[in-house]
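Working notes, structure below.
For reference, chains read A, B, C and D in written order, and residue numbers begin at 1 within each chain.
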Amino acid sequence: MGQKISFSSDYTRNAHPAILKRLTDMGFEQNVGYGTDPICESAAEKIKKACECPGAEVFFLIGGTQTNQTIIDMLLESYEGVVAAGTGHIAAHEAGAIEFSGHKVLTLPNEGEETDTERYGSNIGKISAKDLEAYLDTFFADGNHEHMVFPGAVYISHPTEYGTLYTKKELSDISEVCRQRQIPLFLDGARLGYGLMSKRTDVTLSDIAQLTDVFYIGGTKVGAMFGEAVVFTKGGKPRHHVPIIKQHGALLAKGWLLGVQFDTLFTDDLYFSISKNAIDMAEELKSRLKEKNYEFFLDSPTNQQFIIVDNDKLNELDENVGYSFWEKYDDNHTVIRLATDWATTKEELDTLMNYL
Amino acid sequence: MGQKISFSSDYTRNAHPAILKRLTDMGFEQNVGYGTDPICESAAEKIKKACECPGAEVFFLIGGTQTNQTIIDMLLESYEGVVAAGTGHIAAHEAGAIEFSGHKVLTLPNEGEETDTERYGSNIGKISAKDLEAYLDTFFADGNHEHMVFPGAVYISHPTEYGTLYTKKELSDISEVCRQRQIPLFLDGARLGYGLMSKRTDVTLSDIAQLTDVFYIGGTKVGAMFGEAVVFTKGGKPRHHVPIIKQHGALLAKGWLLGVQFDTLFTDDLYFSISKNAIDMAEELKSRLKEKNYEFFLDSPTNQQFIIVDNDKLNELDENVGYSFWEKYDDNHTVIRLATDWATTKEELDTLMNYL
Amino acid sequence: MGQKISFSSDYTRNAHPAILKRLTDMGFEQNVGYGTDPICESAAEKIKKACECPGAEVFFLIGGTQTNQTIIDMLLESYEGVVAAGTGHIAAHEAGAIEFSGHKVLTLPNEGEETDTERYGSNIGKISAKDLEAYLDTFFADGNHEHMVFPGAVYISHPTEYGTLYTKKELSDISEVCRQRQIPLFLDGARLGYGLMSKRTDVTLSDIAQLTDVFYIGGTKVGAMFGEAVVFTKGGKPRHHVPIIKQHGALLAKGWLLGVQFDTLFTDDLYFSISKNAIDMAEELKSRLKEKNYEFFLDSPTNQQFIIVDNDKLNELDENVGYSFWEKYDDNHTVIRLATDWATTKEELDTLMNYL
Amino acid sequence: MGQKISFSSDYTRNAHPAILKRLTDMGFEQNVGYGTDPICESAAEKIKKACECPGAEVFFLIGGTQTNQTIIDMLLESYEGVVAAGTGHIAAHEAGAIEFSGHKVLTLPNEGEETDTERYGSNIGKISAKDLEAYLDTFFADGNHEHMVFPGAVYISHPTEYGTLYTKKELSDISEVCRQRQIPLFLDGARLGYGLMSKRTDVTLSDIAQLTDVFYIGGTKVGAMFGEAVVFTKGGKPRHHVPIIKQHGALLAKGWLLGVQFDTLFTDDLYFSISKNAIDMAEELKSRLKEKNYEFFLDSPTNQQFIIVDNDKLNELDENVGYSFWEKYDDNHTVIRLATDWATTKEELDTLMNYL
């Protein structure tokens, strides 16, 4: 690989140059371990400011699956499970990390509400407040529910695994259902930047901080080498979060590595400006694909685009550009994913379109 | 912290400049994920060569506790536990990460064999083949052992948590006990470089590869930003190691970050030459401490040194140099740990000795 | 309760009088513990004979959820899950016992094959070989399946939670799919007697022993105080099954209590003759319900019958006879379950029908 | 076995005849499931009265390991472990059931306090308030304790695995240490009756209810077929104890079987009067053994007696009477355990002494 241009995912590159520069400039500087250093503190402060959420508690973990596993384990009692869309990352693509820590993923349909899809894009990958409410009502009304797994938290991803986004109305409705039943709402923001900078969203970072109990700001896919910033928006972080994190094998010795990255990303709005690049490039990509009459598998308002490609075409593409196989469409066609990222260039788009 | 010089541990600094340079030079280069890239492959090849162990299987994880947890879980059946010294990292300082994955740590005394301590240093922190054999014999002779936790693997650290080292004879004897009972031997090498470059060891990397079933080469504490290279010496890596790693939240999306670091460390023997610096500095430190008549808590042949300090002195030190509290010695004295690392300089030693 | 007649379930009564008599006759007799006694051995032999399966390995556990949890944990590697119908007991009604032991339940539709339902009854609650095959094929064809939960065993219940039965053809097809992929097939027979004695089945105990890798013969619901007889049909019981069972808290000190019960049930075909009573009473119940024009929710060929009842009627019934709420049908009607058992009498039916 | 008289343990026999009679007399009576029946309620009331503890919450489980595992899991946060003597049942003889549910057993010495052993018997198997306090103080004083397993509950057994007993003073001191640090104290009373009826104890059932947070009254070894009565003395039972129990595979469908047994045992002080028989027989046994100059391995004030026997003698005994191998004493001698129980007779003692 190495040399071939790739649109297979948004985690193919290293960090933004500003991060690498800063790491290099540190030279042989020494810092205390496990995230107790001043750089992490500075990063946390900047994030709280960006979230307009001064009472929040912020800490940093390494990757998405690890973060999902650790946070969900923090939220749940031993007999509780987490509610998610059947297509949610925790339900489908984490090799059972949630079950490994003893909890069931309770799945809902992934069809979302009947929103203005023209305006906001497809609903695929989203749960709806209605389905969630119906699920919770049925559960608690069932005389046998003490023999079932209690819903102890709700997981949503934004953007979803299909690149789709909740509207502010949808998010508020889900949040309201959760609050009424005192079930914490957890938002997986592994690609949060790309959601926030979408041209078709009415949801801001501060909305998310207000409407969820805990969420994370993805770094791995948005300009960092690695790292996810966890925000307990109402300050409900467990009193002893360190041993829980350590027990999951998730406590980075040099925790300040995470601090440096997020401190850089949240200086001068870098996180947002580089996220915008991915969106701009995705919009450009969509235009060009439409020009060439490609059929879209779904209407995604973020950096992941899904198109239906003739298999012969695909063989050609294989040689020259990286992409993600998504699923078989029919005997002659395949759904593929093309993802732009914070560093995608027009030249890369040109190369891609040469082969499509 | 930031500015104050510290001897508190060997994981206070970033990576060796060669690693940071290489990461920076990659620019916007793209790589495939999850450690399936050619850089990881190259690093694995170099490590196999350094181990003189062509049949080995090598992969990379992020940190020590994570590696211990994941590898031990790979080695054990559900009803088995892992045998370790009571002072072993997995027994004492991992917040129950082993139990979190369902396994008991079965503890042995940490007194080692009666070796030539003049030559090889203290025995503290080591298990002995004799104690191990007695434990295993007693277990299997007990008519009730089906009601007890089966010993399914043996864990040793080299250097130990006290900076001490097994001799080749001791390692061979432990290895032999394990082999006779078909129990895999796992060596935690979080500080392996500092063990290998000790002036008082007869154990080589190739010895370790030969005498253990699986071990890891620590990067976090020896020149890398983070990372541990796992070596299944006889090729016994589980067939599906990826889902196991993912399930532990331990699969790094940009796995090639680990590859780059180890590929650099195992080019031109960098891992060994920088490890040697820590040892040289530790020897220098010992001389200077002896000159000043400090009493050593134990005789450590590696980069961690333990001395007994008057509490008044300690208060002074506190202001100026970082160190690790180890344990209370008596009402007026304290045991502290001073650790050198791959980047420690004479100037730093001078500063330290100014205050001691 | 106590005095009110109940059709709410098939586990409302104590054991068959022959079991209680035998337990009483033992007086102060002493036996060795943990199922290593000659009574368990005798019971195991009788079961192997009844299964026509001399190479089988048989042991006894206490209850259904415990048995499902323990056996599934025996069958799976740590990164594997168990495939089941979404309505399967392990998926829906065991409070997360499978996830508690670290494994995911991978759910399939519960619609069964297109069988001759006139002859064999409804398909609800059954998986189909076709769906299973499609699921497995899709899984292994997915390039990302190392990031997903591996299907490591298949769970079916017979009768299902809806009282329905697999045909011999269906069972053979599922078995064949499993064998081709070397995935063990596990059959939950908590109500096995009622399935075997159904007037609308072509499946025998020996068929089950031949077509599955492990199954259990339910005692709790079929004439025992408690107890389930686990049969590893091909002898694949784990070498150290005792510590695994003990670790699950499932090892009964006086294991011979289980032996006595199954030894009695498998003497002179008692298990089958008392199972037949439940079926005879269920058939009688069906006739009477049909006479009174009750609508059936599904066509069950075993001892559990599901009817749709007017809510006003139900209030009346409430006072006098026990039944199980199943689910809301519409605003004025409810689905209820009526279960006969090994001891149900015509007089009890008369009482029930008085109020219906 | 079957016919040979045995002193190997106190769980070799079925239930007291009064229990079997009552079970038989129930005939085909029906009861609701899962311990929600009036018989369990009646038994719970009687136990609360016997404990002089009206605010207690009582429920029933099946066996000792299961009860230890489930209660400890109820008491602990995910990052906490349970403190116990190294010889405690949960530490040594439960095949890792505690670790299976994710928790570490943190072990203390088993040497007890310096009590009046002449009066109260040996201290082996007991923890001391002093050791416990020192352990807790050291833990919380350690600056690194967030990287260690938090002590979340304290486990003691009474009688211990060696038949020894805490004095009221010792129990009060341990209780006080726990209360000061808000760590719940859990007492394993698998053989509680034999402790309470010892002629050398000053501890009553009401003392235990007052000094612990949760304990259980053993039935399996004291007159029941099986069953342990769990008493949350201050009413701190988890709000949703049913799903937790079910998740452990520990919820008995016919929960009233447990209710019937404990309701019978706590009617007319049956539990105490039959426990007294075991003690009377143990005292008689001790006298006879002393007459024959047998050496005792320790001084046990309850129904388990440990003596040192010549191996030749033992071979003879082997043929005729059951006993428990405890441990090798020296090359020619062995420590064995002889246990009396609620049904032991003088005739059985005569038979035993014939061969000793």
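We adopt the following convention: contacts are C-beta pairs under 8 Å (C-beta built on N, C-alpha and C of every residue); 3 or more make two chains touch, one makes a residue touch a chain.
These numbers were taken from a predicted model, which means no experiment stands behind them.
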item	value
Each chain counted as touching chain A and chain B at once	C, D
Pair exhibiting more inter-chain C-beta contacts, B-D or C-D	C-D
Chain whose mean Cα position lies farthest from chain A	D
Intercentroid distance (Cα basis), chain D paired with chain B, Å	42
Averaged-CA centre spacing for the pair chain C and chain B, given as whole angstrom	51
For chain C paired with chain D, centre-to-centre distance based on mean C-alpha positions, whole Å	34
Shared-contact residues (touching 2 or more other chains) in chain C	78-79, 94-96, 100, 102, 146-149, 242-244, 246-247
List of chain D residues in touch with chain C within their complex	1-2, 4-6, 8-9, 11-14, 17, 20-21, 23-24, 26-33, 37-39, 62-67, 69-70, 94-97, 100-101, 220-221, 225-226, 242-244, 246-254, 257, 322, 343
Sites on chain D touched by chain A in the complex	73, 77-79, 102, 146-150, 240, 242-244, 246-247
List of chain B residues in touch with chain D within their complex	78-79, 81, 92-96, 99-100, 102-105, 143-144, 146-149, 325
